[in-house]
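What follows is a pair of complexes built around subunit A, which joins subunit B in one and subunit C in the other.
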Partner chain A sequence: MQKTKNVQKNPRTRKQTVKRLRKYMPLYLMSIPGFIYLIINNYLPMGGLILAFKKYSFAKGIIDSPWNGFQNFTFLFGSKWAKIMFRNTICYNIVFLLLGTIFAIFVAILLSVIGNKFAKQTYQTLILIPHLVSTVLIGYLVFAFLSEKNGFINNGILAPLGIKPVSWYIEAGYWPVILTIVQLWRSFGFQSIVYFATIIGFDKAYYEAAVMDGASVWQQISRITLPLLKPTIIILTIMALGRMFASDFGLFYQVPQNSGMLYSTTTTIDTFVYRTLMLDHDVGRSLAAGFLQSILGFIVVMITNAIVRKVDNESALF
Partner chain B sequence: MVCTKKGFRIFANVVMIVLALCCVLPFILLISSSVTDEATLMKNGYAFIPEVLNFKAYQYLFQSFGGIVRAYGMTVIVTMIGTTINVCLTLSMGYLLSKQDLPGRGFISFFLFFTMLFSGGMVPSYIIWSQYMHVGDSIFALICPNLMLGAYNVILMRTYFTTNVPQEILEAAEMDSCSEIGKLFHISIPLSKPMISTVALFSALAYWNDWINGIYYLTRRKDLYTIQNVLNSMMNNVQFLKDNTLDAASAQMMSQIPTQGVRMAIAVISVVPILMIYPFFQKAFIKGIVIGGVKG
Partner chain C sequence: MKKKWIALLLTAAMTFSMVACGNDSGSTGSDAAAGSSAGSGDVADSGAADDGGAEAATGFVPAENPDDWPVVTVEAINGTVFPGEEDVETALNDYLVSINAGVKADIVQINMGDLSTELTLALSDNTNPLDIFCWRFYSTLDGCVKNEQCISLEPYLEEYADMWESFPEKVLMTQQIDGVQYAVPSVDSYGTYEVYMLRKEIAEELGIADRDGEEITLEEMTQIMKDAKAIHPEYAYMINTNDDPVQGLDSLGNGDWLGVLMNRGVGTTEIVNYYETEEFRDFCNLMKEWNEAGLLCDDPLNNSMTIEQYNNDVAAGCYVGGYSAEYIKTLVSYTHESVQYKLTDLVGTSASVLGGWMVSSVCKTPDAAMKLLYLMTTDETVARFFILGVEGKHYTVDENGIARYPEGVDSSNSEWNMNCPWFWPNQCLSLPLETDFTGYYTDMLEAPKNAQFSNAMGFIFDSTNVYDQLAACSTVVAEYRPALLYGLVDVDEYLAKFNEELKAAGIDDIIAEEQKQFDAFLAANAE
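Coming up: the complex of A and B.
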């Protein structure tokens, strides 16, 4: 700190700063639309979070709506959905993170041992396809499998086995499994390519030396690949933890087709916010839920990053 | 890069083939359902190989269901305008941040990075865009909220500018008294075409696939719906009818609702352009994921 102060006091460097400011002025001006957009789209909504402590009225707007303390929150926790949506959001995220990471690393290791260039390229191309399509479309793909009357599972698999058709869109119990499979299906390609890119950057000499010493495949993976992957795993995990209270609205809204019978296992904070805001027009509750989501997510990221920085400074995100 | 015996390599290939098939088969089921005739569909359900081929669903779509062409047009227009704006904004911010000796660079980086860590969430965002920016029920509702500029793309762009545009060329240009903007257009942009196309690709995909802006901000003007919104509302309508007993009024509505095959046909049409051009952009796509995932 002391050093920078001295530098700034130096009249010559200050002159240089002014010179650079002038030199870059066109670039600053050119970026103004971007800044304005970030302010409107990202920063104003952050300020809008104070609305969680107000009784929002569309006529009065953000500033003039009256304060009402913690009423929105007591109201939110008065409904049975508060507990359900927090439980669902957190549990799904933990399962997605755990299984997703393990599966992605597994696929990345498989990809890295495949020698044929064409095959490798083809696999990468194909496993990324689910990442290209919208969640609405994924909802249709799942429907083609699970539709009670026409679905492939009921007609093509269960019927030939003599098992009675299942009403998938009515029975909530199946959905934790279904949603986990759908999430893994659409995200594993993306994630494994990130890990794969890291793995192919490792020095081949480590593995060659290990093979000379008679290491098996499993030993090479557990003693070389996984330890070298650690920083990447940590960074991606911190990022995922930051979204611990967020859920993919599309996954939980489109894939179960917003079926009321499934709400107990498919309601997450985002679907709850949508339903209370747009369908019940209950702004207070949705504000309180959204507030907790934003703040808790931010706190989790800061805490994890602080812990990681203490344990292993190199791996921290910031 | 594990060194292995042949056995493990075969195992890897087999698993990858199975996984690749898992990624492709659902689309085949969708396409085959859209070309199966209604009677077979009712009898056998959706199947991977259609027993009787029939393109009636598509015929109906393009002849009688006028909404589909309009929705398709909306998607194309919104994607083109949105992607153009996104690329321009991303380029200008990425270029600004690529200047290492820029006064205020630290603050600007933080200003950008912070939006990735913390967000106000959907409700305040909805209030700002609909009550203060008044984008509701207009084409701006589909273009403006959330999709016009993202910190992730800016970081990709900045990283590419700093690592792939040689400093020597920029300095040589400065000797020839080339302005900063001149350097952007004559040196940095031509040298960064791969990354610009990657950013454009990410943005175009986000616009093409977006339906959330539609359901939040287009509450009255259903005529502005994109293809994704049409898909979404059809899913819900059929669901709605299924949940309610059939009285005379809803039975009448039932006849207007596209039948099973038609719904699948619309789903196919919405995804075909992406799958068709995917082979051409898959290299740029993978590159973007790799750079973003490792360095972002």
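Coming up: the complex of A and C.
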């Protein structure tokens, strides 16, 4: 029975496909420029990745440059910086992901329970502003707080309290906290809006029913909002994991102002590569670093997705 | 149906515009003029890093019709795009035709802020190649040669012998690798000494203005700064403390000082780890003393420590280098009059040759490019077009032979960038700009005769074998050195840690490799 059904289904499907194709032709056509753009901009350049394994010569070009195996990768692993930069990149990303998500959902839920429309829109706009500020500018905002002799914290807070001024740009120990605060401050607005947009899409009937049954606000959040948010959280998390081995260059370079004494807590793969290759124009070595980051990110995404699929098939990204 | 047609139309339009984007056909005309079918393969053969191919060129023969002459593209740097480009090109090309040069020029203005990206792209662009460029601000000679971004100029040694002979041998050597000439050095004084510059009114208050030009020691200088601080505490008296000459270093071209010659390389051939020396420890202690006395700027790690701090009234004194007292005074239009106290002798090191001009490896007409580069270095008229623009339009010449901006024009609204003479191959062929110092360029040419030269002048370290160690050590230096040189940390504690980490990162390997190559260099040149 099953078999005959399939056989019958095929011609009909083909006919349907053609019909559907014709019906949606304008839409397909409209997407063509997008596809071309993607192919030209995102896929074709991938061919250049072979340069990660070559000694690039500007004269010989991509194809004719000689191969050099893994030599372009060695500078990443040759010193104590290997440990430091991988540790920093991964740890910061985990902390940002964890705290960022919690904080963003928290704010999104707060936004969703605000009744006043004007207030709601004002807050939405306000929390988005940090996301739009250039990192270089943020670097100077932070400097205005932390400058040793003229900064707000040393002069405005510590001095009146009789505490000795702190040389913020020399003490590496403070920076994991400072960078986390800066990152949360500037990213929570945008993330919250994403979650908020999901939350307002939820069927109000769930909440009405819950209120009828006497559920408290906390119960509404933990029993309705969070479970419904789960797929969004998973998707955003998996996407963030793809960037696990990359870091925001601006945050780690501009905000600490490339201050040498802070390297032990502010060096990530990107800033190390930048500092090392800044003067060399060594295409092969920079590509090697980027290639490694992408491959590692890809592996993490595949593993996470596999785990998610095993635990909860419906929520998996693919 | 209507919708479909509109969609089709839009798609076609967008696709077309996207594809058109990638093909910059409205270009400079250099490809048309190049008139050669050279593909990338041919370009590679044209001599890139081709040490062996030192056959003398047969000599550059101009085509009969100037319309058939190749157009050579030349890098120019600036902060904004200057509108005078077309005027300069027209006048320059008219002149080139009049002397039957056989080559025309097309100036490519590149913004300093994008220099790195723009030049990297231009030097890998086969369709619209950049033909002549300078490594200054972009890379190093070594870097350009390793990346095969430039071609060997050996085939042109004979043809343009007069140009090569105009340079001191040691200066030419700074633009060679393994004896192969890759660049034409930018003409300069090739040697500098360092002075401490102090605002004149402060020197007058201290009663030391009459000692202007006198040579002093670092101790005397410290005392002067402290005395000045006592009467004018609102200023800092030093900007950048990271200064090779004052510490007597020839850094061998490596700003991280990973292996240096002391005494600026004069009379010594031993490469040492400067960070381990007593001299460095004493210097750090002195910097600590300066910082504690309030002589240094606030937050030195967060501000750019440049001469701007002097012009902006943050600091009233700083180090400046130059080949003569008068030159230093005109070097930049300082906002305050100054007196200078000499700190070091006039010495030249490899680092004193600040730039070198190269023919790119994507250039399709290297013979023509070299001809233009030759003219830029030796022909006064050609050089002045690049450096000053068109006479009568962009500048006028007064009775003392000084170039002046035309009426109502200054550096802020000039149509041509006249502020970078030192960038071009031969600034000494141009005229001093808006100064009373008529000897600006003539004295510059005399300077090398009075200078001492480092033994390592012309030595270029090939870092291939110790690349990873160098990368690791550079980061360690960036971590510790600024804090030590601005006296921000405890010297004993941090210096010990600094040296320990340098050892772990492999500084000894680097120095051993440097010494090995340097000994070979000395032996080769002793022959």
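Keep in mind that, in the parts below, the second predicted complex is superposed on the first by the 243 of 318 C-alpha atoms of A that agree within 3 Å, B and C clash if a C-alpha of one lies under 4 Å from a C-alpha of the other, contacts with A are read in each partner's own complex, and residues count from 1 in each chain.
Methods note: a residue touches a chain if its C-beta (ideal position, glycine included) is under 8 Å from a C-beta of that chain, and two chains touch if they have at least 3 such contacts.
These figures come from a predicted structure and were not determined experimentally.
> Check whether A:Trp185 is in contact with subunit B, with subunit C, with both or with neither, and answer first, second, both or neither.
first
> Does the superposition put A:Tyr24 against subunit B (first), subunit C (second), both, or neither?
first
> Is A:Ser222 touching anything from subunit B or subunit C once the two structures are fitted on A? First, second, both or neither.
A:Ser222: touches no partner chain.
> Return first, second, both or neither, reflecting whether A:Ile114 touches subunit B, subunit C, both chains, or no partner chain.
The answer is first: A:Ile114 touches subunit B but not subunit C.
> Quick check for you: in the superposed arrangement, does A:Trp81 touch first (subunit B), second (subunit C), both or neither?
Once the two structures are laid over each other on A, A:Trp81 reaches subunit C alone.
> In the overlaid three-chain picture, which partner chain does A:Thr13 touch, first (subunit B) or second (subunit C), both, or neither?
A:Thr13: touches no partner chain.
> For the overlaid complexes, name the partner, subunit B or subunit C, with more touching residues on subunit A.
B
> Residues on subunit A in contact with subunit B in one complex and with subunit C in the other?
In subunit A, positions 26-27, 30, 33, 37, 40, 56, 58, 61, 143, 147, 149-150, 257-260, 283 sit in both the subunit B and subunit C interfaces.
> Give the list of subunit A residues in touch with subunit B in this complex.
17, 20-21, 23-24, 26-28, 30-31, 33-35, 37-38, 40-49, 51, 56, 58, 61-62, 107, 109-115, 119, 122-130, 132-137, 139-141, 143-145, 147, 149-152, 154-156, 185, 188-190, 193-194, 197-202, 204, 207-208, 210-211, 217, 220-221, 224-225, 232, 236, 242, 249-250, 254, 257-260, 270, 273-274, 277-278, 283, 286-287, 290-291, 293-294, 297-298, 301, 318
> So in the complex, which bits of subunit B are touching subunit A?
1-5, 8-9, 12-13, 15-17, 19-20, 22-24, 26-27, 29-30, 33, 41-42, 44-48, 89-90, 92-93, 95-96, 99, 101-103, 111-113, 115, 117-129, 131-133, 144-146, 148-149, 154, 179-181, 184, 205, 208-212, 215-216, 219, 228, 231-232, 235-236, 239, 243, 260, 263-264, 267, 270-271, 274-275, 278-279, 282, 285-286, 289-290, 293-294
> Any idea which subunit C residues touch subunit A in the complex?
Listed in rising order, the residues are 3-4, 6-8, 10-11, 14-15, 18, 22, 40-41, 43-44, 48-49, 116, 120, 123-124, 126, 138-140, 143, 147-149, 151, 298-299, 301-302, 360-362, 467-469, 471-472, 474-475, 478-483, 488-489, 501, 504-506.
> Residue numbers of subunit A touching subunit C in their complex, please.
Contact set of subunit A toward subunit C: 25-27, 29-30, 32-33, 36-37, 40, 56-61, 64, 74-75, 78-81, 143, 147-150, 167, 169-170, 257-261, 263-264, 267, 272, 275-276, 279-283.
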